[in-house]
């Protein structure tokens, strides 16, 4: 027998996975909120801080030279992880900051005016919704949305209707953080391209699972967060095509992004520095590079097969439990191992508390997607999300716990 | 009693299903209607309080949320009804109850609510060990506090 | 004999201080650029990540509850470090981000219009200059500056002239990162208050040295960076008075800073959450709390005396070397142990390289203060900056190295 | 020779003080003037190149910066003068020199500039071990590259 994917070896890299919760082993199914960090990441950051830490791009001293090299190598490594060139990767403090940078810069550039339209989806995370609402409110542009079908897939027919001559921006998630469905990037890009609209991809939930080649994807700009791909908090990436980044003015300003500054006026460096004022997340960049080196070094095909099996086990298991309603239950699209659901008669918060007593950590609430929950008639749901370190046994522990929820809360059988 | 069972005592699950005071009453002469929301989990409550001089004449509410938040609202109404008698509880007493309740819930398990004073709501003592749930249990009580200020 | 301050014990906390550069012990005199991290900080972050890491303010699971508590305790601790209440402390990715937040939010609020004036100083770091230039350019307001005297102190008479009925904002550094001089906060606040202008304090270079009580200082808003006060990169604080924070709209938007979101519109939480969209720098907050707990736990009076002695030794030593010109050489004001200087006939970059060969790490360049350098007729200078772990012997090594610069580069005696 | 002395060879310090080609010449019939700047340390150079057909007729410059950047500009002029003879160096040869120079400087000490080809500028080999200084040494060469493209 060949082992298709050595999950035990992967788990051994994560110190936190040995934790117990109330005497039960932790089953961490909240990776879509934030991923745990392998030892390689923790070590890389600490080693940097103990050995080379100093201000980068400055000064002649040896530490600074070493720190600068590690920092710029990190940029190349993380850019490579998404198929891109280093000059196309802007460090941000996270995906939210990246999306605000794009929307804010378009606002400052005066790229939108009354009558223009911005198109998002009904399945948006608030981070890819509110910055566009604000931009629309400031410019007089109109914000429209592509609706979601009952099965969680996007209504592409409606998208084709919506996206037209007035459309200036089409922003959408690669994978919704509630539905787990991989959206059809090529189709949406084609629609946007046909009207000359800019495309912005929220790759937060795809980056931890799918191999990304952002330049090949056809989108113009994309964001992701380090803390969701086994890296540190407080760092993320904004990727953009050369000519798109080049066309954007800075959103925020300060040191290290300038050429000449007088008391009256500043001139700015080209991308990526143009978008990186102030001291950068240096040790975090080094650690994020370690994360993607570690993750990218796994057998990605085997890893993908492992996660696909987890996804099926989770979804089929949930389907077979009485009184469970899945959000985004479809076989018609690719998915990642992430599933939100409602337990009839029991509030999500209570479900989460019950699962916690079994050691199972899930997320409850609206997951920063209130409009999507409203569309399904809910205010909150429970979300279980796996990562590459999740085992089939953990999924079973989770499913077993979910089966016990309704009887614990004294909710009768479903009619 | 396991942690979970001390959190979700029978009495709590009962109150969360048979909710005392659920359904907003018609506003009286001196009433206030307060909306409270827990932005994190989406729990919400609309609570209406009628006062009669310096007494709490009646409290009714509507809302959705987890069993803790629902039970806590129901228990609050029960406590006011039972301790207030026909005239209703003096406002000052209600305010004192609320502040004692808050203190116990924030005590991380150090302070227990006594049944003598808090009636069924004493069953919520277990919540204080679950810091993430304290807000759920406080929701109705905070709404009443606000309502008494306004009415 | 009593030891006034046990610098050896302090040094033992910093793993990096044992480093050698080309066989010579590292003399790190670049703390004003970024400080080194004591073990307590590295340990706190790692322990958090290995034991409690998970998304905060979400979910019912035990990890999340623990992470949330640690995160909010960190806010209280760091707020306490600057004399403030937790609700007055907004997490930012650093001082630059904090200043951009303030300027950007004032812009979105429509607080400035043509004819209004923003006043800064000639000694500004670019981070406290360019965001105001941009705000001025967008609103039609005028940006003015308080000049610096030859000795580096601010021209307060000019300030009194400048600050008037049109002044809406007065932004200034507590301590300039080039001059090391402590600016007269009370006087500037009084001038600003007399005309109802908002005051914004850049406390980047004071926070590592002086005891701060921001509410008592009289300013309205203040920023500082974690990485300059022995904490991690990628985190900083924006402090504001309750009513001032309350009056500001969000600058960036996303998850966790909202109450109700529809596809059309979002409603926002009160401060500080209003200004904290998206996943926060959670482990960094925990580590920054460890940093200020460590730092605040030292005998601050003894520490201050130690640093004051370093400052004098450094400045007097430099004064006694031929061909050295100090920037901001005055006894007329309080100072921190930070000194920029020019070596006649030798470019700063070459000086830095020479010092590096002696193990001494200093900063060279314009230190993100081009206008100030221009005012002194320079494009670059050398800056040495000490921290609480610096010893008198290190200052002597530095001074000895500086004495050798001009002869190495074959520059003759000064006429 | 210590690291520092290999970086700052006598020849480099000499060129940094007696700068060949310093002072901008009057522009010729086919000339380009290029401004290059190192935003990190503030070094800057204005370089003017005159071409005559496919040859580099003359190069002059002005600027301020560290000794490496000043010496490197001076050495570049010396090299063009000496190797170009009376007619000037063919543009193609100059471009090749620039690209070889860049390659060596970016090699982190792996590639040494030979004196045969690079003349005095071979003394800049040591810079390649100091990654933070490579830009200083490249400044004039990049300016010339840009100038040849424009002229």
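For reference, chains read A, B, C and D in written order, and residue numbers begin at 1 within each chain.
The rule is simple: a residue touches a chain if its C-beta (ideal position, glycine included) is under 8 Å from a C-beta of that chain, and two chains touch if they have at least 3 such contacts.
Computed from a predicted model, the values in this text were never measured in an experiment.
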C-D or B-C, whichever has more C-beta pairs in contact: C-D
Intercentroid distance (Cα basis), chain B paired with chain A, Å: 39
Inter-centroid spacing, chain D versus chain B (mean Cα positions, whole Å): 80
Whole-Å separation of chain centres (CA-atom averages), chain B against chain C: 47
Chain A: positions in contact with at least two other chains: 22, 58-60, 64, 258, 260, 349, 353, 364-365, 370
Multi-partner residues of chain B (at least 2 other chains): 40, 130, 133
Graph class of chain-chain contacts, one of line, ring, star, complete, other: other
In contact (per the touch rule at the top): chain pairs: A-B, A-C, A-D, B-C, C-D
Chain C-touching residues of chain A, taken from the complex the two chains share: 15-16, 19, 21-22, 26, 28, 30, 33-34, 36-37, 42, 46, 49-51, 53-55, 58-64, 93-97, 99-100, 104, 108, 122, 125-127, 129-131, 133-134, 138, 143, 145, 225, 227, 232-235, 252-256, 258, 260-266, 277-284, 349, 352-353, 355-356, 360-365, 368, 370-371, 374
Footprint of chain A on chain B - complex, ascending: 2-4, 7-8, 13, 17, 40-43, 64-68, 130, 133, 136
In the complex with chain B, residue positions of chain A that touch it: 22, 346-350, 353-354, 357, 364-366, 370, 379-380, 408-410
In the complex, chain D residues that touch chain A: 37, 39-40, 130-133
Residues of chain A that touch chain D when the two form their complex: 57-60, 64-65, 68-69, 258-260, 269
